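Note that the chains are named A, B, C, D, E, F and G in the order they appear, and that numbering of residues resets to 1 at the start of each chain.
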Amino acid sequence: MLKLLSTEPVRLLAFLVGIMAFVGLNAAYLVWVERKGAGRFQRRPGPTEVGYAGLLQPIADAIKLLSKQLIVPQGVDAALFRVAPLLMMAPALMSLAVIPFGPSLAARNINVGLLLIFALGSINVMAIMLGGWSSRNKYAIMSAARVVSQNVAYEIPTLLVVITMIMITGTMNLNEIVRQQAGAFWHWNVFRVWVNPLMPVTFLIFFICMLAETNRAPFDMAEAESELVAGAYTEYSSMGFGVFFMAEYANILLGCSLATVLFLGGWQSPFGILPGVLWFLIKMYFLVFAVVWVRWTFPRTQFYGLLNLSWKLLIPVSLFTLILSSAIMKLY
Amino acid sequence: MNAFPASNLIVSVAFVFALATMVLGALIAVGSRLLIRSVCGLAICSVGLAGLYYFLHSPFLALMELLIYVGAVCVTVVFAIMLAEPTEPKNEEKRGPTLFWGGTALAAAVAIFWSLWWLGKSTGWKTPASRLTDGSVKAIGVSLLTTYSMAFELISVALLVAILGALAIARTGRTKP
Amino acid sequence: MRNAVKEVVSGFYSLIVGMRVTIGQFFKPIVTVQYPHETLKIAPRFRGHIELVLDPATGKPKCFACKLCERACPSDCITVEGAKLEGAKKRSVTAYHLDFTKCSLCGSCVEACRDGAIRFSRDYNLAGWSKEDFIMDLFKRLELEAQAASPEKVDGRAVPGLIAAQDAAHQDKTKTDLK
Amino acid sequence: MEAQADNAQILKDCAPLVKFALLDDLLALGRANSLWPLTFGLACCAIEMMAAGASRFDLARFGAEVFRPSPRQADVMIVAGTINKKMAGAVKTLYDQMPEPKWVIAMGNCAISGGPFVFPGQYAVVEGVEKLFPVDVYVPGCPPRPEGLIEGILKLEEKLTGKRRWPVPPPQ
Amino acid sequence: MTTQETIVSNLADVPRSNGGGVETFVLNVGPQHPATHGVLRVKMTMDGEYVLRAEPVCGYIHRMHEKMGENRTYAQFLPNTSRIDYLSAMTYTHAWAGVVERAAKIQPPPRAEYVRVITSELNRISSHLVWWGAFLLDLGGFTPLLYAFDDREMILDLLERITGARLTYCYYRIGGLYNDVDEEFIEGTRKFVHHMRPRLKMYRELVTENIIFRKRLIDIGPISQEMCRKYGATGPVIRGSGIPYDVRKAEPYSAYPEFDFEIPHFREGDSMARYLVRMEEMAQSLRIIEQALDKLPSGPVMAEKVPRVLKLPAGDYCYAVEAARGRFMVRIVSDNKEIAYRAKLRTPCLSNLSLFEEASQGMLLPDALALMGSLDLVIPDIDR
Amino acid sequence: MSEIKPNPEENKPSSVAVSSAKASVPAAVPPGVAQHQANKGNEAPKPPAPAPAQVAPKTPPASASPKPSATPAPPPAPLPNPLAHLAAPFQGVDFKLKGFHADASVGPDQVVSVAEQLDKDGFSLDTITGVDWLAQGQMEVVYDYFHPVRGLRAAVRARIPRDNPELPTISAVFPGANWHERETHDFFGIRFLGHPNLTPFLLPEDADYHPLKKDFKA
Amino acid sequence: MNTPIYDRLEIYLVAAALLLAIGIYGLIRRRTLIGMLISGELIFSAASLNFMAFSRFTAPDPAVGRIFVLFIMGLAAAEVAIGLSIIIAVYRNYRSVKTRELSDLNG
């Protein structure tokens, strides 16, 4: 029996269940964190009345959303309309399977883990687009069109940065990447300026692209509330909206985890006091906090401003870092 | 993997599932009246195909298939559909030509399929005695930059030209900045 | 090129400054008044709906149904009925209806009243399940309140003697009474 | 319009027939504590509605700060302001687009009865939003203070769960 | 479910080709849309994200103010004026009180005029603060709104202290004020002035200098001086185009001539210029308030002889004030009765919005909405 | 008067031009805006009419001088007419009493030409007011103009028969008149000939009533 | 025959043939440019699958087939990009992407 449990499929299954629970819990409580954080930034308490410090608020929201009427408006493409939220949620869940949360805590340690995340990530775009298209709503369609151009534009600098990282580390295995950053915190990739003096900039580019790809403020063109009502989600009610909502946070989770793995040394601890998993979570949640912080500070960018930023600034700079790091690698 | 009971069966089922996904996707892609569903069919087909690649011992290409077909090709096509026509014409054409073309297409498809099947079955394929490389990402990269560097360059030029051409074609007619 | 670099750098700096401002606010205490648990002090001149004032001497409403308020009201939300009771010197009010759902809280009625017989209540947080809750019979309301307030409860707000004399809003009003 | 009201009534009437007490309570609790209003301001009261959402009063404490711009995702419509005859159709449609279960708070005298804009011979104002669809909670005032709106939301929660979880603030 | 059968105006059918020319579709922004601040509806003919033609459709909150002006006595109409532009209620009441005083030749006492100036300017600041927050909300920033509301609450506390209401003050009376201000109000106002100056600096750091914000406003939605003049735009809109027109200086009223203040104006005419004008105006209002507090005379706050039943001599009378959004003018036509024969309310937002159709042509949707936000609309002010 | 000392931080951006009538003074700009203006180059438009500081009869500070004792509404002595240079029959009016500086009664056919003259003079349309004189069987339309630079106010009135209320539109001269005319049409049923789009503005699209007519019953 | 189903070359070849047949059917049957483009992608996929299968089972260097598949993917992406831009340009001019209605192209 024990042997059976240690077999690969069972392990995988166990991890998938674990990840689902992790994502579910996190997606729900990231919403709480967001609301609490927004509250603090605005000098108000945020949710407090539902449970201690509003801790039951996400549960109340979930119950409410689950029990609401799911409207499939007339004229929508019902099949696609229903599939789209799931299509948004599934890739985020699957991608987390390759994230190493601890030295041996990854559902599947595959050699092309980094590629897997981006391959699955590309489905997200499809999901929002189908959601927007099938809604048959002008705002939703405009939003879908924006999402596509935004994500296409930001995929390029992201991939360039990731290629830089692959070149520097020489692997696409996430666990291996983390392993290479062992030692004190200056061995983390962000601080490895001797490998590439532009490493902090590279991290910044990755962070910006991550914000853009997860449609977070200041790049939240997809649900630009004051322009497009609720964007691609305008026609979604009840859990359809809920799943989109959760998927958004799951994607943030994924993005922050990836940034942690690539740049912040993953589960490597700077002092060696706490276990690796905790360090991983601390770093990840710090990035999540930064995402919240950014959201509640800045106004939304204009759409062409967003594309300009990508095409005129991020892509050249990331291309430059790529060339620079390859030159440095060649020289030394 | 073999320690797990009936693992062979499970893997076989997964394989059949991937195969079925691919075929189903392809059928949706050509059969659906709504173009948007056709694209979804193409995406499903690509997912199935990626599964087959995985069974062909190349997870790298499986993921590339997803990245390029789902992430780039399908997205672009959906985008184009949004800009252009939402549906395939329903009953605009006369029945005669429709039937004729349908029949021709079916006949051609069946003929091709049958002949290829026969060809595939009847040929005795030989497995090689030894392998030069293991076909990993590294091997692919090395080959790309050595043996096939010319083709690689050509592909990049083709892509560049495609980007420029697409920009040039799509931009004409836009009067605004 | 130099301009572009300068713009990027200064733009980035402006973003940092913005984030510094918000994080500064993050660590400041909250400003929220947690309403059902704690309440703001309502301003003394707060204009709620109107209520009748009792005459401390008689324990009856001061109002004698002169209907000035009814006439002053821009939205016709006041209906006063009065009658001259037997043995009384003046008319006295028999019914005072306020349709609060039409009121615009302008204060014209209180201003029009020459005898301080009506004033603003301190109901700042009214809410109810039925519209009829806010079509009030002030006369009845006063009676109910007077009954409810036990005599020994000195600071209860329905105690007749206190009502007329002590209310800050009322005092404010008399200080600058309009001619 | 009547049919809609009837439907709602029938739903309400039928509710006790199929009652799983615990689940029902749980649902009610969940709904009561997650009332997402529709971003929908009409006039003066909308400013007080914003003020109620702002830091001083903070609707977020009750989980009600998630103002949704799309009616599909909203649970409660706070009618904050005057509805005139030109607007009535749009308001009705918005109400219809909200998924069940949904609630309405009539905020301010205009939404309750047309308020100060009703006079004999008026030609534009709908005299109360209840002429269009059923209203659950009335918050009178012109405009009501933010406390009034919070009280209205507490009343709505009380209506859903059957009891008031919060203290009644003392009269001032 | 019946809910599925209805299709709201803004949730209408998908765009389809119209068989020739540019492929356009009509986007109904409003009457319920987060960017329209109320119930304005803008019928936008779009080519993709470009606005070909934006036609505002008004009247969704028409509340018959002018009709009521013919139904109510002059004193009874006062509360209405607070509800035309509820964000700038004081100034609107000022105009009505002013026109009646002008016609009836009532002179409010100096203290009343000073208090009117103080409260009007406080109200102007609070109005600009709401605009600032809501404008940022249009641009996708939520936090500034709440900071603005924090500061606004301080003003509201002050004003509630003396008027008893938070929004629709109805504080001025024909011939003076409802009641006098007290020391606490004066001290509180001074404190507020000291509090507000650093806050304006913080606003500048948080928003005005922010690169994202600047990119969204600079050169967006330019409005020329000629366009302002042709459409009768006033207030920050005309000042943002470089014409320093301000009723407080052009047609001085109340106690304004006694204060030293400037009219901020910028030449560019883009959304940023209008934004900066309003931010500057807040600083100027603080200046006026400080001066008025220092010079506040004592005495009564109500004119001596205001008849209970007020009849204006026949004729027509105008009175204009500088409200937060521009020139607000009341024109009363009287036929010597207790009730106006005709009460015309000239509201700034109507004129300011009327140039939107021309100014927004060919803009991108978010830019057009930013332009609309920079006009600072209050919809009941348009519809009356 | 006490010294106003704005906080030095605040002083920087508040260095805007002091300007009441001197409109052509280019505004000094706060440092943060310099870049903003630099983008514009020197194409900054000049105000339309850089009129020399023309001082219209301004009201004295309201609290200063007592009002003149009750004069009848039309002043007996003709006041200086600030618009004497125009061909339109303008008359000077006491601003303190009326709230405008010049007044003209014109025929319906003159409305457009007066608007054109005022337009040339740099005036801007303030508003259009309809008045229903039921007893006289007339409708009156008052056009209010203001001058954004000189601070002048002018009123132009035209009377038309009540049973056939028609006036030429001035929306070709002042595009801003478009909405004002639509509104006047809503309320009084006055038809503005040549108006591009005389549809209900504030009333519902299908409204066929004119609520501000004196004989209107809901 | 002990080789599992997923380790047999014929299966892959049949699958590829099926994909090709479906693709060709679609290419003939479809009436819109976009539909034809999608069918073309299917044909590409069929070719890729064949390459992959042969490189897995018969080629001495498995990298070769994979490189070709990569090339095909690149070409497919380029083809889609250029094809769609042509389609959109055609659509702008003719308001239709139905091949039948684009008779102007015939001269």
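What we mean here is this: contacts are C-beta pairs under 8 Å (C-beta built on N, C-alpha and C of every residue); 3 or more make two chains touch, one makes a residue touch a chain.
It should be emphasised that the depicted structure is a prediction, and the values quoted were computed from it without experimental measurement.
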| item | value |
| --- | --- |
| Graph distance between subunit B and subunit G, where chains that touch are linked | 1 |
| Farthest-lying chain, centroid of Cα atoms versus that of subunit C | G |
| Chain whose Cα centroid lies at the greatest distance from that of subunit D | G |
| D-E against C-E, pair bridged by the larger set of C-beta contacts | D-E |
| Gap in Å, rounded to a whole number, between the CA centres of subunit B and subunit A | 28 |
| Between subunit A and subunit G, centroid-to-centroid distance (C-alpha), Å | 32 |
| Subunit E-subunit F separation of Cα centroids, rounded to whole Å | 18 |
| Gap in Å, rounded to a whole number, between the CA centres of subunit F and subunit A | 57 |
| Residue list for subunit F, restricted to those that touch at least two other chains | 203-204, 211 |
| Per-residue overlap in subunit E, given as positions that touch at least 2 other chains | 1, 3, 11, 14, 17, 33-34, 59, 62, 64, 67, 79-80, 83, 143, 146-147, 150, 168, 206-207, 209-210, 212, 214 |
| Numbers and ranges of subunit A residues touching at least 2 other chains | 39, 41-45, 48, 69, 71, 141, 145, 225, 229, 234-235, 296-298 |
| Contacting residues of subunit C [partner subunit E, same complex] | 7, 10-12, 14-15, 17-18, 20-22, 25, 31, 43-47, 72-74, 104-108, 111, 120, 169, 172-173, 175-176, 178-179 |
| Subunit F-touching residues of subunit E, taken from the complex the two chains share | 58-59, 62, 64, 66-67, 70, 99, 102, 105, 107-110, 113, 197-198, 200-201, 204, 208-209, 214, 218-219, 224-226, 228-234, 238, 241-245, 249-255, 257-258, 260, 262-269, 272, 276, 279-280, 283-284, 286-287, 290-291, 294-295, 313-320, 327, 329, 331, 333, 341-342, 344, 346, 350-351, 354-355, 358, 383-384 |
| Subunit F residues touching subunit D - in the complex, by the definition given at the top | 203-205, 209, 211, 216-218 |
| Interface residues, subunit G side, partner subunit B - complex | 4-6, 9-32, 34-35, 37-39, 41-42, 45, 48-49, 52-53, 55-64, 66-67, 69-71, 73-82, 84-89, 91-92, 96-98, 100 |
| Subunit C partner contacts - residues on subunit E that touch it in the complex | 72, 75-80, 83, 143, 147, 150, 157, 160-165, 168, 170, 173, 178-180, 202, 205-207, 209-212, 214, 301-302, 304, 306 |
